[in-house]
Amino acid sequence: MTIHTLVEYADASAEVRAVYDDIMATRKTDWINNFWKALANDPVTLRRTWESIKQIMAPGELDPLIKEMIYIGVSVTNQCPYCIASHTASARKKGMTDAMFHELMAVVGMANETNRLASGYQVEIDEQFKTS
Amino acid sequence: MTIHTLVEYADASAEVRAVYDDIMATRKTDWINNFWKALANDPVTLRRTWESIKQIMAPGELDPLIKEMIYIGVSVTNQCPYCIASHTASARKKGMTDAMFHELMAVVGMANETNRLASGYQVEIDEQFKTS
Amino acid sequence: MTIHTLVEYADASAEVRAVYDDIMATRKTDWINNFWKALANDPVTLRRTWESIKQIMAPGELDPLIKEMIYIGVSVTNQCPYCIASHTASARKKGMTDAMFHELMAVVGMANETNRLASGYQVEIDEQFKTS
Amino acid sequence: MTIHTLVEYADASAEVRAVYDDIMATRKTDWINNFWKALANDPVTLRRTWESIKQIMAPGELDPLIKEMIYIGVSVTNQCPYCIASHTASARKKGMTDAMFHELMAVVGMANETNRLASGYQVEIDEQFKTS
Amino acid sequence: MTIHTLVEYADASAEVRAVYDDIMATRKTDWINNFWKALANDPVTLRRTWESIKQIMAPGELDPLIKEMIYIGVSVTNQCPYCIASHTASARKKGMTDAMFHELMAVVGMANETNRLASGYQVEIDEQFKTS
Amino acid sequence: MTIHTLVEYADASAEVRAVYDDIMATRKTDWINNFWKALANDPVTLRRTWESIKQIMAPGELDPLIKEMIYIGVSVTNQCPYCIASHTASARKKGMTDAMFHELMAVVGMANETNRLASGYQVEIDEQFKTS
């Protein structure tokens, strides 16, 4: 089906190529992963998603590696196999060591556990934690 | 109902008090939040959960503040109001600035979005991301 | 808004009252909880949902109390406050002790944790677990 | 394992065949997809699920194609690969164009993002949005 | 805490006011709901999120009302109380009748059920549904 | 990548072997499934997770088979393929019949449906269900 075609660079419109070029330049790489090739079926979403990711994942108050690790934590919680694989690869490229990955997984696993203990025990929010 | 009673320090068994004391000493605080008071109805789970959290959230390859932020990312993804409130408070106590929180939210929001774009477009994992 | 009106017995159509009567008779109770009063805005969904629940939660290979506890496990995983409150009350009415609730929560919490460790480590399904 | 056998028409009981026949007649098709063949291991659940789906997905206030697209939105949010594949195929059969699919994905992705921004920022419900 | 302050128009910077003005003009309304007032603590995310939503929710291949209903379906699946309340209100403003809401809920509920039956029975994707 | 290596018994450290030996002795089996071989990359998490599971899944107020079925219910709700496969196999080994599995799936599916009806209709918790 057309909606699942992966748009290769050679077959891409000028509009899509411009995004591909920016992805490769920003990431200092010479290939495009399948996520973008799939989104390229919808050039408007391709551009908006890339512009948003580029802005959000840039260095800021948080280090890009930390941002990748947060991305993994969300993807693992949501059980998204593609996202786990791609962001784990990105994090490693940015310097995530085995030991860092292990700690990340331990935190993500425990957070998922205590999230359910808190809801199952119907724990009310402490006054000290209230925002207003 | 008994299962939802919050166990106050004054009413707690020696076994529960020992955990409460360790929580307060480890966190350098003089109060216990509702999550632990609820879990204290089951002293075995209270101890196991606290021992696990204590081990996992200690300084390691990742800074404790980073771990708190990952905890927030998971809790926000799971829509757990108690956990969002308590870990946001903990993270602020450990030094999370407004700007850091804003970046955290931006990453968590975007990850939740692209997780669905990846699954909706049925994107296959690139060979380069495969683990074996 | 109309869609959120709770339909009280006194104001209900004969069609809705027939379902309410069957709920109260089946559950040996004399009141209707808000979930059904909300669904009653859509009598077709009210009837279908009640008939399904009645069939599914009846005694079978699994005891009705066990079924209520599984229901709690799902509701806690999904972070549904209404469902956690109502099914915890139902389970207690059917005999769930504090100790049983504590074990239920421990299992639900741990399952949520290991679900993420399994996905985060990208663990492949063992040949022994494959179904074909 | 028996629980995962796919029940083919040739091997099905009269009870299961009756459901299969109704599925094929309703959908104007000559084959049964694996979901139903798996459920057929439990004829009671097979019948109840089919009757519910048949009722819910029929033309009503919402067009059947719109219902399929909502189904996709839920399945994508839940990361259910089987459901995404089967309902995307159904929607296309009912007339979903590439452009419609692209807009659907954009909405589903954005909703998943803002759901987390709303919970992460602990936004309180506006008086104007309250139902009572 | 600052991160949870709602930024009122009177206190907003020119940058934030420009977004608020565009929201009110686009939606033909004279007030700003809390979601945007919370995001306004981070003007960059406020602008990016608003620009994305404005683009995505505009009339296109899908009617804006249909888009609101898909938004509700996702928010209900994710158990986001704020999002359910706000998008239900928006959908009603755009013409969603009670009957449409009822059908929407029936589809969302059923999709969440069959998503789990498909994964629980470990149903393999039919060849006919495969994308390549 | 190292983080995804499966640690075989022959290559394991004494620390890891001790956990493997305890798993096999406790489960009366002579092999280790991939989940533990993956976790073994992080011996601290391996030990903590195993000790927790061993404690939680032991006979108590709830039968170990019931605990396995609750585990399946959570894993199905979270869409974790590995966990569904492994815990379904474990439950069968402990005596889960086809009929029990069918009832389990029916309950899990229905709970996932009504969880969304409750949130979608914004049902308020009945006074009778409140815990304090």
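Just so it is clear, A, B, C, D, E and F label the chains in written order, and each chain counts residues from 1 on its own.
Basically, contacts are C-beta pairs under 8 Å (C-beta built on N, C-alpha and C of every residue); 3 or more make two chains touch, one makes a residue touch a chain.
In this text the structure is predicted, and so the values were computed from the model without any measurement.
**Student:** With respect to inter-chain C-beta contacts, which pair, A-C or A-F, contains the greater number?
**Tutor:** A-C
**Student:** Superposing the C-alpha atoms of chain C on chain D takes a rotation of how many degrees, nearest 5?
**Tutor:** 180
**Student:** Can you work out the whole-Å distance between the CA centroids of chain B and chain C?
**Tutor:** The computed centroid separation for chain B versus chain C comes out at 27 Å.
**Student:** Suppose each chain is reduced to the average of its Cα coordinates; what separation in Å results between chain C and chain F?
**Tutor:** Here the centre of chain F sits 20 Å away from the centre of chain C.
**Student:** Which chain C residues reach two or more other chains?
**Tutor:** Only 1, 3-4, 41, 44-45, 49, 52, 77-81, 85, 88, 102, 104-106, 108-110, 112-115, 117, 119, 121-122, 124, 131-132 qualify.
**Student:** Once you draw an edge for every pair of touching chains, what topology comes out, line, ring, star, complete or other?
**Tutor:** Topology of the interface graph: complete, with all chain pairs in contact.
**Student:** Report the residues of chain A in contact with chain E in the complex, numbered from low to high.
**Tutor:** Spelled out, the residues of chain A in touch with chain E are 1, 4, 44, 48, 52, 55, 131-132.
**Student:** Which chain F residues qualify as touching chain E in the complex?
**Tutor:** Result: residues 72, 76-77, 79, 81, 84-85, 88, 104-105, 108-110, 112-117, 119-122 of chain F touch chain E.
**Student:** Help me check something: in the complex, which residues belonging to chain F touch chain A?
**Tutor:** 1-3, 41-42, 44-45, 49, 78-80, 131-132
**Student:** Quick one: in the complex, what on chain D touches chain E?
**Tutor:** Interface residues on the chain D side: 3-4, 31, 33-35, 38-39, 41, 45, 49, 52-53, 56-57, 60-62, 66-67, 69-71, 73-75, 77-78, 80-83, 85-86, 88-89, 97, 99-100, 102-104, 106-108, 110-115, 117-119, 121-126, 128-131.
**Student:** Under the stated contact criterion, what part of chain D meets chain A in this complex?
**Tutor:** On the chain D side, the touching residues are 79, 88, 92, 98, 101-102, 105-106, 109, 122, 124.
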